[in-house]
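Each chain gets a letter, A, B and C, in the order it is written, and its residues are counted from 1.
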C-alpha cells in the first residue's frame, strides 16, 4: 500500500544519512587541517561545503512535496517535519567545519593552534567525531537510548571548552591577541558543533516518542 | 479488443484488417436483411387491413351506428355496438384485475419471503401461459354449468381477468424492483412505517411503469376471441348491460362477418328481392368490407390505448 | 436536546453470520464521532445498528444493548420506527424523493409520520430546516421545483434538511461526502461543524483527513483476521488517534500501510 509514499520517505532518510556522513568527513578533515596546517585538506573542506548545502535544499524540497501531496499523519508527519529541522542542524554543522577549515587556511603556513592547546583540540576533534558517528547511528536506527548518550557526551565537549578558556585567559598565555581570538573562535565552533549534534538526536527522539525534551 | 494484426514493426498504427472490414460489412447486411424480413409480415398485415378496411372506417356512421336489422346484403351500419361491448367488458376486467394484480405484485416485491411467496410466483408463472380458451372453459364450467347462469358480458370479463392478472403482476414486479432501495431506506430512516413508504414513496415513483403495465394488459385482452366465442354471443344490437343479454364485441363481429363471407357471387348467381322473386345476379355482400373495417377498428383501438400509455408516461416523468 | 449513545457488548449478525463482535463505544452528546476503518470492517454495519436500520435487511439481528441516554433502543416492545424518528440518518448517495418538490421533500418525514399539519407551520419548518442545512438561500425561490433537479452537493444538503426537519436527537451519516466533488464536500464539513452544536453526530468516512478535520473523537474498526468478524480496535480523541495512537494497527491504517 502506498509504496511510492513509503519509498520516498525511505529515500529522504538515506539522503539524511548521506548528508550526515559528508558532515562527519568535513569535520574530520577540518580538524586534521587545523592540527597539521594542511592546506590541501582545508581547501577540500571549503570546496565540499556547497554540496552539503545542496543536500539540505534537496531534503527540504522533497519534504515539502510529501506534505503537499501525501498528507502524512502521526509518525510519518513527525518524520517529515523533524527531517526538515535536522537537515538545518546538519547544514550548520557543515558550516562550522567550513569555519574551522577557513581559519586553518588563513594562518597557513603557520599553525593556527599553538602547541599548548593542541592536545585540547585533538580531544575536541575526537569528541566531535564520536558524536557525529553516534548521530548517524541514531538517525538510521532510531535508537532513543543512544540519543541520550549523545547528550552526555556533549557535556564533555563543554568541559573541554572551559579548559580552553582557562588556558587562554591565564597569565602564561604568550601567543598574542590574534592567536587568542582564533583559539576562542575555534573552541566555540566545536562546542556549537556538539550542540547541533544534540539537537539532531533530540529531533530523532521526538520522531520515535512524540514527546519533546524538557 | 482489436484483433488487427500489426503488419509493421516501425512506428505508427496498423491499418484495419481487410477481413475484419468484410466481416463487419457482412454482419451489417445480415442484420438489416433479418430486420427487413421481420418487418414483412407486419407491413403486409397493415397494408392488407388498411387497404381493405379504410374506406369503411372513414364514414362517420361507422362509428355511431350498429348492425341492427341489417343483413350482409344491406349497406350501411356501423361498429358502435361492438366498440361499446369491447370497452365495457375490458373495463370490468380491468376494474377487477388491476387492484388484485398490483397488490399481488406489491406483496411479492415488498413483503414476500417465505413459502407463500414462492407458491404465488409459481402460480403467476403458470397463469401467464394459460390458453385463452381454457380460461373461458373454466368460467363456463363454474358459472354456467354449475351455477346455471346465462352467458353475458361479465363472464367474458371474468375469463379475461385470468389472462390479464399475470401480465400486470409481472410488470408491477419489474417496475417496483426498479425503484432504488435507497428511496425506501431514506423513508424508513425518517421514521415512516413500511406500508406508508410503499404507498407514498415507492408507488408514486413506479407509477408510470405501473400504468404502462396496465395498458399493455388491456391491449392484450382487448382482442381475445375464445372467451367471447364461449361466453359472449354476438348481437347486432347495442347492449349497454354487461350483466345480461348478448353483447357484441369487436372480435365476435369480425367472426360474424367472416361467417357470411361465402355467399355466392359471380355469374349464375341469383338472389331474392324484396318481394321474394328471383333476380339474376349476385347479391351484394357487405360482409367482407365490414369484416376488414372491424379488424382495422380493433387495431386502431389498441393503438389508441398504447398512445395513451405513452402520454401518461411522459406526463409524470421520474426525474433522474 | 442531543443525547448520548452507549453501545454495550454489541454483536451484530446477518442471519447466523457474526459480522461485528463486541463493540463497546460511547458517543458523547453534541459532538462528532468518526468511524474509520478499511472496507468491509463493519463500520457502516455498526452505524446502522444505532438507529435499528440494520433490521431492515431480512434475517439481520443484534445482541447486546444500545442505550440512548440510558434507554435501550433494542428493549422489548420498543418500536423501531419510533427509534428512527429520534435517530436520523443521511446516506452515501443523495436520495431525495424523485416525485416530490424541494418543499415536499423537506417535510416528507413530518407528513408521512403524522399526516395533517397546517401549511403555515410547514412553511416555518421548511425555512428552518433549509437554513439549518445551509441551503435556504440557494433554493428559496424554487421550492416547488423537483428535488432531484439540484446538483449533487445541494441534493445531499436537501437530504440533511429533510433529516433534521423531524427534529432528531442524533444524526448518523454514512459516508455523506463520498459521492460529492471536493467543494461540496468542504461545504458539508462546515455544515457538520455547525450542526454539532445542536445534534449528536456520528459519521462513517473513508477519508482520513476528513475524519481528522471534522470529528472530536475517532473510532477505528478493523477485521480481526481474514473471515473473522469486525471489531473496534481503538477509540479516542481525534487529536491523539492521528498523532500518536495506542495501537500499532491504528497507526498502520492511518499511515496507509494497509486498508
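In this text, contacts are C-beta pairs under 8 Å (C-beta built on N, C-alpha and C of every residue); 3 or more make two chains touch, one makes a residue touch a chain.
As the structure is a computational prediction, the values presented were derived from the model and not from experiment.
With respect to chain C, maximal separation of chain centres occurs for A (centres as means of Cα atoms). Put simply, the chain nearest the middle, going by average C-alpha positions, is C. The distance from the centre of chain A to the centre of chain B, with each centre set as the mean of the Cα atoms, comes to 94 Å.
Mean C-alpha position of chain B lies 49 Å from that of chain C.
Centre-to-centre, using mean CA coordinates, chain A is 54 Å away from chain C.
Interface residues of chain C facing chain A in the complex, by the touch rule stated above, are 208-209, 212, 242-245, 251, 254-259. Interface residues of chain C, counted against chain B in their complex, comprise 51, 53, 56, 58, 81-86, 88-89, 91, 93, 95, 97-99, 108-109, 112-113, 146, 148-149, 159, 162-163, 166.
Put simply, chain B touches chain C in their complex at residues 113, 180, 182-193, 196-197, 200-201, 204-205, 207, 316, 318-320. By the touch criterion stated above, chain A contacts chain C in their complex at residues 1-2, 5-6, 71-78, 210.
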